[in-house]
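Submitted below is the structure of interest, expressed as structure tokens.
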Amino acid sequence: MEALAISLVNAVPLLAGVPLWTVTLLLMVVVAAVILVFALTFEGVGSLVLRKVAGDIQARIGPNRVGPNGMLQFLADGVKLVLKEDLIPASADRLLFKLAPYFAFVGSFAAFVVVPFGVGLIAADLNIGIYYVMAVTSLVVIGVLLAGWSSNNKWALLGGMRAAAQIVSYEIPVGMALIPAVLIAGSLSLQDIVRSQGGLLGIFGWNLFHNPFTFFSFFLYFTAAQAETNQTPFDLPEAESELVSGYNVEYSGIRFGLFFLSEFGDMFIVAALATACFLGGWNVPYFNAGALPWIWGNLLSLGVFLTKAFTMVLIMMWVRWTLPRLRVDQLMRMAWKYLVPLTFVNLLGVSLWLLVFQGKGIPGMIASLFG
Amino acid sequence: MGLKAYMNDIVEAVVTTAKGMRITARYGVNPKEEVTLQYPEERWEIPEGYRGFLHNDVKKCTSCTMCVKVCPIDCISLEAVRGADKKMVLASYDINIGRCMYCGLCVEVCPPKSLKHTAGYEMASVARGELILHFIQEDAAEIKARVALQVAEVAAKEAEAKKAAEAQAVTKAAEVPSSETESADLSSEAVRAAKEEAGKAGGGEPKATKEEEKKPE
Amino acid sequence: MPRHKAKGNRLEAQAIFDTLKGKFGDAVVELQGEGYSPAFVVVAAAAVKEVSRFLKEDPNLSFDVLMCLSGVDYKEKFAVAYHLHSLKHRHAIGLKAMLPRENPSLPTVDDVWPAANFNEREAFDLFGIVFEGSKDLRRILLPPDWEGHPLRKDYKYPDFYHGIKV
Amino acid sequence: MTTRSNALPTQEMTINMGPQHPSTHGVLRVILTTDGEVVTRAVPDVGYLHRGLEKIGERVTYAQFMPFTDRLDYLAAMNCNCAWAWAVEKLAKIEVPERAEFLRVIVSELNRISSHLIAFGSYTADMGAFTPFLYAIREREQVNDLFEMLCGNRLTYNYARVGGVSGDAPPGFLEKTKEFLDYFEPKLDEYNNLISYNKIFVHRLANVAVIPAEEAVAYGLTGPNLRGSGVFFDLRKDEPYSVYPKFDFKVCVGTGERGTLGDCFDRYMVRINEMRESIKIVRQAVAQIPDGPVLAKVPRVFKPPVGETYFRSECPRGETGIYLISDGSVNPYRLKIRTGSFVSMNIFEKITRGLMIADIVAVIGSFDIILPEIDR
């Protein structure tokens, strides 16, 4: 961020007198605003696309009344949620009740900082990228637990307990499944991971095809991440048909809206991490986006990244409208007896593979055969 | 839980999920699968036997109260007065479609087939009063009054005709004794009383009180 | 007993009545045959439990299904009608116990046929017939504090229930 | 219920899976006492939809009670209509013309298909998969269109009459039925691929609330709930009424293919297979339907002879038995309707001990109960 600020100060003489740290601060605020706008629009459009995809799959039309073919439905939802009176149950724990949605939203929005949108487009290229994401997304657990406990409703309490058990126990497989990408790139920073998948191999440079273990760990990551963000096969915390509506049963108005947005935020984060770590992030296949002039390089890489992320989101929606829901004990059994051992074996496999082949994947070796 | 069962679980999970997703994908991909109907714009065509709101063709209705008796929830109310020409005149015929359950028993049992189901089904209303269909626009009491007057006039005409007949009979009786009996319960006073009341009510419609139904002899 | 070959022999009502008459003597009062589609064996109220246990356990009767238990108000007396069916022999019989008009009660059969519990609670709820020894006899369909038993012929509708017009 | 002595003293929670709950299929209230997620005792509390149908039955005439039987089990109104008509005909020994009996069988089996579709759809929706529910509703709409064309109403048909049926099938009805059956038959395999054998769905259903055959018979379960436990008892085969003997179809029974015999999965699969059998029946009925009148001569003021009768008919949710007492007057003297869902609630408390809350939803779905039938 400082480099950007210095280049800005040199370019604009007007700013010469202003001390450096205010400029960086201002720049951070501007970037944060851009990211927030992107996050909110994605979450709004995401909810509309979810309902359209649902309609399409279920042989019906989906929202098509508000705006041309239903395009402004998400704005209508937003306005409705803002205007709706948000009730607080009489015997609820008021402070925690109000606090819970912010935890949930902050938990999911903070992870946007590290998402590698383009060649230069990243809010903060932290060198502990993935570790940071793991830490921040576990804030959602606190939010959901608070919501469950503070709304003084037995169904919400059950929903909160389930959420705590589920998200915590799926953090481990998610973490373990991402580490192969870190091993290959040799750094936690997401930009480095994406750059490690670039180069002339094009599509085969992706970590997905690096070796059979990473291929397998992509699917492990995808399932575990779906569980961590309460997507359908694992949407036990807000199970409509059992717990009436899980932890957000007592929420209405914009508080419910925040939970709703944070759910879609999580969805995007999972898709973004999947593309960054396994599908080659913003790398344009067979073409070095960095070589282009500044503005075009970023736009092209941003476009490639977003298409990959959105296809991942669509796949999540597709799975959401197909599978039934697991029971709590089956959920736990799947986490501890299936995902955790599999990810560990997988991790072992990747590290052995890297040791034996000095970090080169199958496509890399084939390419080196042909010189 | 041997390793084989463990592996089998995973494989089975993946295979069945994939099969399920293939089906939802097939529906997701081709848009012509939509079956929903955009209600206010498009409406589904109603088959002709459809049991919608009831409609009673008042002219054909002989007010035989069969429909009132057969309705399980008594939502048809009917008032009729016997007219001068011995046929029943409908004073009021209401069906409370708020309570009606469209079972169709009344339509089946209606002898003159005047009560029919229309194809209407959109009658949502704010006030419950609107859900009571009145098939006779005129107020019931007026009809009764008018009918009572007609009956009275006809009775009066008959009375005069009878008096004239008596007069002839008396003259004839002078030559031939006649054994005509006559129950003149309808004396001329009844006619005069009816007219008086009409006069007393004075201007505007002749608001006659609800008169007893006159039994013709 | 997954497969029910119809190997049992299907007894007629008269034959069932005779076996019961033989076994229980005067406790079995009469057989209501004509006009009753499944014939009814009228039994003294006190002997209902023994008769029903015998009907269930006896091998060539083996009435293992209690299809329907219903209270009936015959104006001057109450009755509880049991409809029984045997899966093995494919035959059906009715069992009827006559009860006096004021505080009618008879022993329960829910230990012979567990299916009887809900039906007995309904008969108690709508007729006021008390089943002694029942597992839990409380109102099932009406609110717990409802007075009167609606299905009785002499039932007068209360005007209000907790201020709600009935 | 904590066993270890030094364990944290936990308290049991009582939750009202109350009259308004997304998956109690109506206004059923289950009082759950749970220890965490595990249910120690689930007591069903019924009666929220009690309209006193039997008291009404004593003040209306035999023909007037027909529309009330629609409200007995509104998802299978045709079966209840025909059950009432058959019961009164058995009491008064009325001869029903052949064509009317065929029409009754066709509509009863079509209604069985649409009722099982709802059972299948709402069961998968309770388990979290919403899509199959909409596919099931799409198919059911076509059955509703057929009924609308036949008798003019989509849900409360009031189609049967004492002595026959209210109206003959309009032209094109039988062809449309054949079209529907041909369209619908492959759909069943599609459902099985989509959801029935899905790993998660099977895990949610198999070995949950197992009812052994003896217990099912002792508790008086009937219909798919009884056959799910492996008991071969189907009224259409064992106590044949109407023209059912003319058709050949199989009695579908639970086979314990994905867990022990008599679990939720078996009851669910019996319903799916029963839909196939109903398709077979309707095909044969449409092929063999004779011509002729559809309503026997029944006097307008219908006074049946004095007597008592108990008629049992196979409804989608179990056996609907009508115990009818007539004292020769125009109104029935006493009318007791025994239904399948009422009896399956009887066994509910016994088999749900120790299950989890999510399983309570699975058990309610597997019994396919419907509240107007329980409360009458």
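By written order: A, B, C and D. Residues from 1 in each chain.
Throughout what follows, a contact is a pair of C-beta atoms (placed from the backbone, for glycine too) under 8 Å apart; a residue touches a chain by one contact, two chains touch by 3 or more.
Source: prediction; values computed, not measured.
Set side by side, B-D and A-B show the greater C-beta contact count at B-D. Legend note: the chain whose CA centroid lies nearest the centroid of all displayed protein CA atoms is D.
Separating the CA-averaged centres of chain B and chain D is a span of 37 Å. Computed centre separation for the pair chain B/chain C is 46 angstrom, with centres defined by C-alpha atoms. Distance between chain centres (mean CA atoms), chain A to chain B: 66 Å.
Residues of chain B in contact with at least two other chains: 9, 17, 20, 23-24, 35. Shared interface positions of chain D, i.e. residues touching 2 or more other chains, are given as 131, 138, 194-195, 198, 200. For chain A, the set of residues that touch two or more other chains comprises 57-60, 321-323. Inter-chain contacts, as defined above, occur between A-B, A-D, B-D, C-D. Within the complex formed with chain B, the residues of chain D that make contact are 60, 63-68, 70, 131, 138, 141, 148-153, 156, 158, 166-167, 170, 190, 193-195, 197-200, 202, 300.
Residues 53, 56-61, 318-319, 321-323, 338 of chain A are the ones that touch chain B when the two sit in their complex.
Listed in rising order, the residues of chain B touching chain D in the complex are 9, 12-13, 16-17, 19-20, 22-24, 35, 46-51, 70-72, 101-105, 108-109, 117. On chain D, the positions that touch chain A within their shared complex are 13, 15, 21-23, 36-37, 124-131, 134-135, 138, 194-195, 198, 200-201, 203-204, 356-359, 361.
In the complex of the two chains, the chain D residues touching chain C come out as 46-47, 50, 52, 54-55, 90-91, 213-214, 217-220, 230-233, 238-239, 253, 261, 305-312, 319, 321, 323, 325, 334, 336, 338, 342-343, 345-347, 350, 375-376.
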